[in-house]
Amino acid sequence: MLVIMRNDATEEDVRGVVAVIEQMGYQARPMPGRQRTTVGVVGNDGRVNADRIAALNGVYECLHVTPPYKQASREWKQEPTIVRLPGGLTIGGDEVVVMAGPCSVENEKQIIASAHAVRDAGATILRGGAYKPRSSPYSFQGLGLPGLKLLVKAREETGLLVVTEAMDPEGCDLVAEHADIIQIGARNMQNYSLLKRAGKSKKPVLLKRGLSATIQEFLLSAEYLLAEGNTDVILCERGIRSFDSQTRNLFDLSAIPVVKKLSHLPIIADPSHGTGLREFVPPMARAAVAAGADGLIVEVHPTPERAMSDGAQTLNPEQFEKMMRELRAIAEVIGRRVAEPAGARN
Amino acid sequence: MLVIMRNDATEEDVRGVVAVIEQMGYQARPMPGRQRTTVGVVGNDGRVNADRIAALNGVYECLHVTPPYKQASREWKQEPTIVRLPGGLTIGGDEVVVMAGPCSVENEKQIIASAHAVRDAGATILRGGAYKPRSSPYSFQGLGLPGLKLLVKAREETGLLVVTEAMDPEGCDLVAEHADIIQIGARNMQNYSLLKRAGKSKKPVLLKRGLSATIQEFLLSAEYLLAEGNTDVILCERGIRSFDSQTRNLFDLSAIPVVKKLSHLPIIADPSHGTGLREFVPPMARAAVAAGADGLIVEVHPTPERAMSDGAQTLNPEQFEKMMRELRAIAEVIGRRVAEPAGARN
Amino acid sequence: MLVIMRNDATEEDVRGVVAVIEQMGYQARPMPGRQRTTVGVVGNDGRVNADRIAALNGVYECLHVTPPYKQASREWKQEPTIVRLPGGLTIGGDEVVVMAGPCSVENEKQIIASAHAVRDAGATILRGGAYKPRSSPYSFQGLGLPGLKLLVKAREETGLLVVTEAMDPEGCDLVAEHADIIQIGARNMQNYSLLKRAGKSKKPVLLKRGLSATIQEFLLSAEYLLAEGNTDVILCERGIRSFDSQTRNLFDLSAIPVVKKLSHLPIIADPSHGTGLREFVPPMARAAVAAGADGLIVEVHPTPERAMSDGAQTLNPEQFEKMMRELRAIAEVIGRRVAEPAGARN
Amino acid sequence: MLVIMRNDATEEDVRGVVAVIEQMGYQARPMPGRQRTTVGVVGNDGRVNADRIAALNGVYECLHVTPPYKQASREWKQEPTIVRLPGGLTIGGDEVVVMAGPCSVENEKQIIASAHAVRDAGATILRGGAYKPRSSPYSFQGLGLPGLKLLVKAREETGLLVVTEAMDPEGCDLVAEHADIIQIGARNMQNYSLLKRAGKSKKPVLLKRGLSATIQEFLLSAEYLLAEGNTDVILCERGIRSFDSQTRNLFDLSAIPVVKKLSHLPIIADPSHGTGLREFVPPMARAAVAAGADGLIVEVHPTPERAMSDGAQTLNPEQFEKMMRELRAIAEVIGRRVAEPAGARN
């Protein structure tokens, strides 16, 4: 860390800063400059807590040189993390994995039809919400546990793996019991009680980026999972808040190469929430794969115009199938391949 | 709701939209224009779910005319809500209420000293975190239940009421048991499981605005509390995310008159988190009162440079006292008065 | 346009609104609802000026149904605009056009070397600033007219076309005289005096999106050019302002399909300014082409570490060449092809 | 400046950085740490150009310790700048100066009536646009030179000073000739040709903050004026871009104390554009004065509902007069006073 002193800081102020740094067990290296003194903090293994120093007299600013996350950092672990799923599917290696399905589990017929449709087009993981975080208390909040059981049934019928969202610590245990991947939604990216519970589960976690989370905050939330011992963490870019209302969110595809530079964790993309409109999903899905995403999560419904939620951003099976063909070709250009469902396309 | 059709929508598309609106139990009023047709939805008591309609062929956009929140709306209840607290203190009426204290409860000596200091300067409610949501898993996470008990002790010694944060449903019950006001933090503004639990408690709730929450989303989260039957909701503007790093957050004071226009709920302001730097707290606290805030929540610590968290944005008791004198004068200008601690200043 | 009345608006308020609408030469259609009245404005050919109506008593909000731009709209002109450049190059059709070169024209040797390097790798248009808008008055501001003459020389030597920025009305005339495409930079997207002058020139204009411009504002600035009679307008997404400092700007690739939906104008992407870091340029360039961009503008310098500006985001010729190979393959996947320099690769 | 090396940088990379720093005429001080080396740049009088260094091998990031502006900085000049206007009015001292008037100069009757109305209520400077930057090319663009002449006439009749906007270098000369203060609008904050021309004029300049300008960029634009020798610069906060559409812009009142900390220049606030809605103007005007603004610029029209532009955010004379009374009381609380028109209130 580097402590920048105000240009009117006195020598006593500098001595005060040095004293506190030394009290904290580090070494302090004052560097007087023409305009102001800066004090380097040396000897720290990880990140120094700046709170105490920032409050001292004469301090202008504390600049961190080391990022605040550790286990999530590529400096901590050079090789990419590859999350291994049942049946041999991997996320973070050469394969580009596509998760698809309806926004919500609505009933047995709908989820089974969805599962077959997305499997036929080449998806390997079924998505579908049993617990739905909705902005309004009056919106459909999901089927809950019966929804989880329907997802299990769909898995049995199709062989697809299942990813679904958990909204609180208790729900997290139920999701861990029934699904293959626990999803933490964007609104809960900094719900630390939930992150700790998911970090203690034995299932991989799909962590969505918060609506206005910086990449650093995103990796810090991943760090909560890693710190509890769960190393099977998959990140997901799903669009951030911006000033333009043309799209539901601002799909930040730069997050993909940025995360890959800073972290060893895999990252996938959600073009459905990222754009909010069906017609933008295929081009942005192609772009995500071209940018290096390790997978996609996409909303598909047998009849989007009858979906109970998110219909406007949901593909129908034909649109999804066409998109999958394009994705396979793009993946090849950059030396990767779209993972295929077991037994498919032989 | 108004459904805007694409300019190339066919008559069949329009008939499809009308049919779905009627299926949903409303009346549809198509208005053909020179460039496109719009279809009005009439007969709805509250907000219409746009999801199904937005997914139909030929639909360009659905415009809502009615806001999605209901009980939080000033159209639902004209008179301002006045939250009545033990000892006769009120929030939302003529009084401007000041909540003050350290970021975290650290130990008995610190919280008792803080409580005396802020009471002497004129605060009526003690703030202090027992459960701390921290971006990093390695930062101090609060004392937990022992912290709550120390707050109770501080209340007994000073007569101040206590506000403190709950982070999850279980913690919420403990906070409700010990504190006078349950705080829901910015990161948890859309933690619906927590909101539902707080909505079921019998204690007033201080709901902080999420980091990138629109006012509409903010009021929808309040609606979760109201929908559970808890009408003692106090909103709090605490700064939102922006593109400039000069301040920790962007303190959005316009939110105060905007909320007062749209809702009957009281709203206070947090200039400490709103700015992140001690020297900006007094001017922005004055501005908040001048803009019509029903109260303030401010970080004060006996020795900010030794605080375990948020030292840089924390006032010392002398700074706080000077600020309180200015606030009293500003409140008078707009026909209000700063609430005084029981037995004080007589 | 639709006028939403406040829920407490009186009948007199509604009559006042109707009267003003009729004064303005339109028809008014009041629609009383359960909660409030809305008044439709009918008979307008283009967009109604809301300013007068929004100021009337009892008006809550004016909602526009028709976008405020006209000639830039796809509703005005269905077929995509294809900008035809000297030598047969086209922008907006099947070809994906790559513009490349240094941030600034520094001297003859540098610009000639750059031109050869980018032509050899397959670029067809040379970029390079003669007039440089710099945040600081103390930064290098470009060579000015001598820089324009060096660009002409580079064109003569390599056959590349030339695009370069104009910063004010007079400079615009000089750029129009020397270059093949006039660039309007992001900071000047709403410099209307400059837009009007460029709209009167006979050269195509490359209009960059402003740092926090909505797509609607972007198209309105294009409308300034079109309204002056210049239909050869090429839009350019180059990154917008966001809250995260990991990248210089937030590269908004969704803008590509969004613009293509709303407008017939071609749109290219600038991954150099869009990300600000060399290593992010190739993945985001691939993503831009996959998303449907009609071209790219990329910073390339023979020795980026000696560039006078923007070195950190500049590719060297080898990096650029490798990227071009990937772009050709991606373009093919979506049925397009990267334009080749005349006489190349035969 | 501090150069942060990547944690995998080699010793040769560090030597390369040191060599370039020394070539640039500074001294380099490498500080090897446990995780990475940082290199301090010492001996620079002002800000070091980071472009060349950021492009070198092994460099992670360049951190600036010195802000990039110089003459605008409070470190360069401790005492606040007081802009002295004809007739003895000052901006930046004890007085709080109120500029008021219509959005646009529409005709003689309107501007004269406006001038009398705002003078009677206590304004000392008349605002009114003769050149109007409008998002749409089809909106009213102002009367131009005849508008300037009407402003001169209003000054003659009322004794008010005049502030009005210039949009390009030529227009700037005309505005300088007719008005007392040249306004540079938000859209033109980085129109450097215009800034340079205004910097060469002999009239004070009111510089509005750009829609998404950081405070640093804002001060850098002021630096363009100062660098040309014009020290009479008045800054103006007028709202920035945000994600919520409840208000036209996000009025950033923290900018007032932040600017006062970083710079000696006066700063005023524009609550009309800052909020966009008449009913929010008085509370936010009070808040601006309470936060320490040196003045206000407010839209007032004799009959807002007939204004040709910005009617919805414009006060009528009665509303303005009531607001002025509150502002006088708030100013007193913080030891200032609202400037009165010559001969008024005696």
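Worth a mention:
Each chain gets a letter, A, B, C and D, in the order it is written, and its residues are counted from 1.
Rule of thumb we're sticking to: contacts are C-beta pairs under 8 Å (C-beta built on N, C-alpha and C of every residue); 3 or more make two chains touch, one makes a residue touch a chain.
Note that this is a predicted model, so its numbers are computed, not measured.
Centroid distances from subunit A, each centroid being the mean of CA atoms, peak for D. Between the chain pairs B-C and A-C, more C-beta pairs are in contact across A-C. Subunit A and subunit B have CA centres that are 27 Å apart.
Once the centre of each chain is set as its mean CA position, subunit B and subunit C turn out to be 39 Å apart.
Centre-to-centre spacing of subunit A and subunit C amounts to 31 Å, using the average Cα coordinate of each chain. Counting partner chains per residue, subunit C has residues 212, 241-243, 245 touching two or more of them.
Taken pairwise by the contact criterion, the protein chains are fully connected, each one touching every other.
Across the complex, subunit A meets subunit C through its residues 212, 214-216, 240, 242-247, 250-254, 256-258, 261-262, 274-275, 279-280, 283-284, 286-292, 326, 329-330, 333-334.
By the touch rule above, subunit D contacts subunit A in their complex via residues 2, 4, 7, 29, 31, 33-36, 38, 40, 42-45, 63, 65-66, 75, 241-243, 245. For subunit B in complex with subunit A, the residues that touch the partner chain are 20, 46-47, 49, 51-52, 54-57, 68-70, 133-139, 167-171, 187-188, 190-194, 211-212, 217, 220, 223-224, 227, 241, 278, 304-312, 314.
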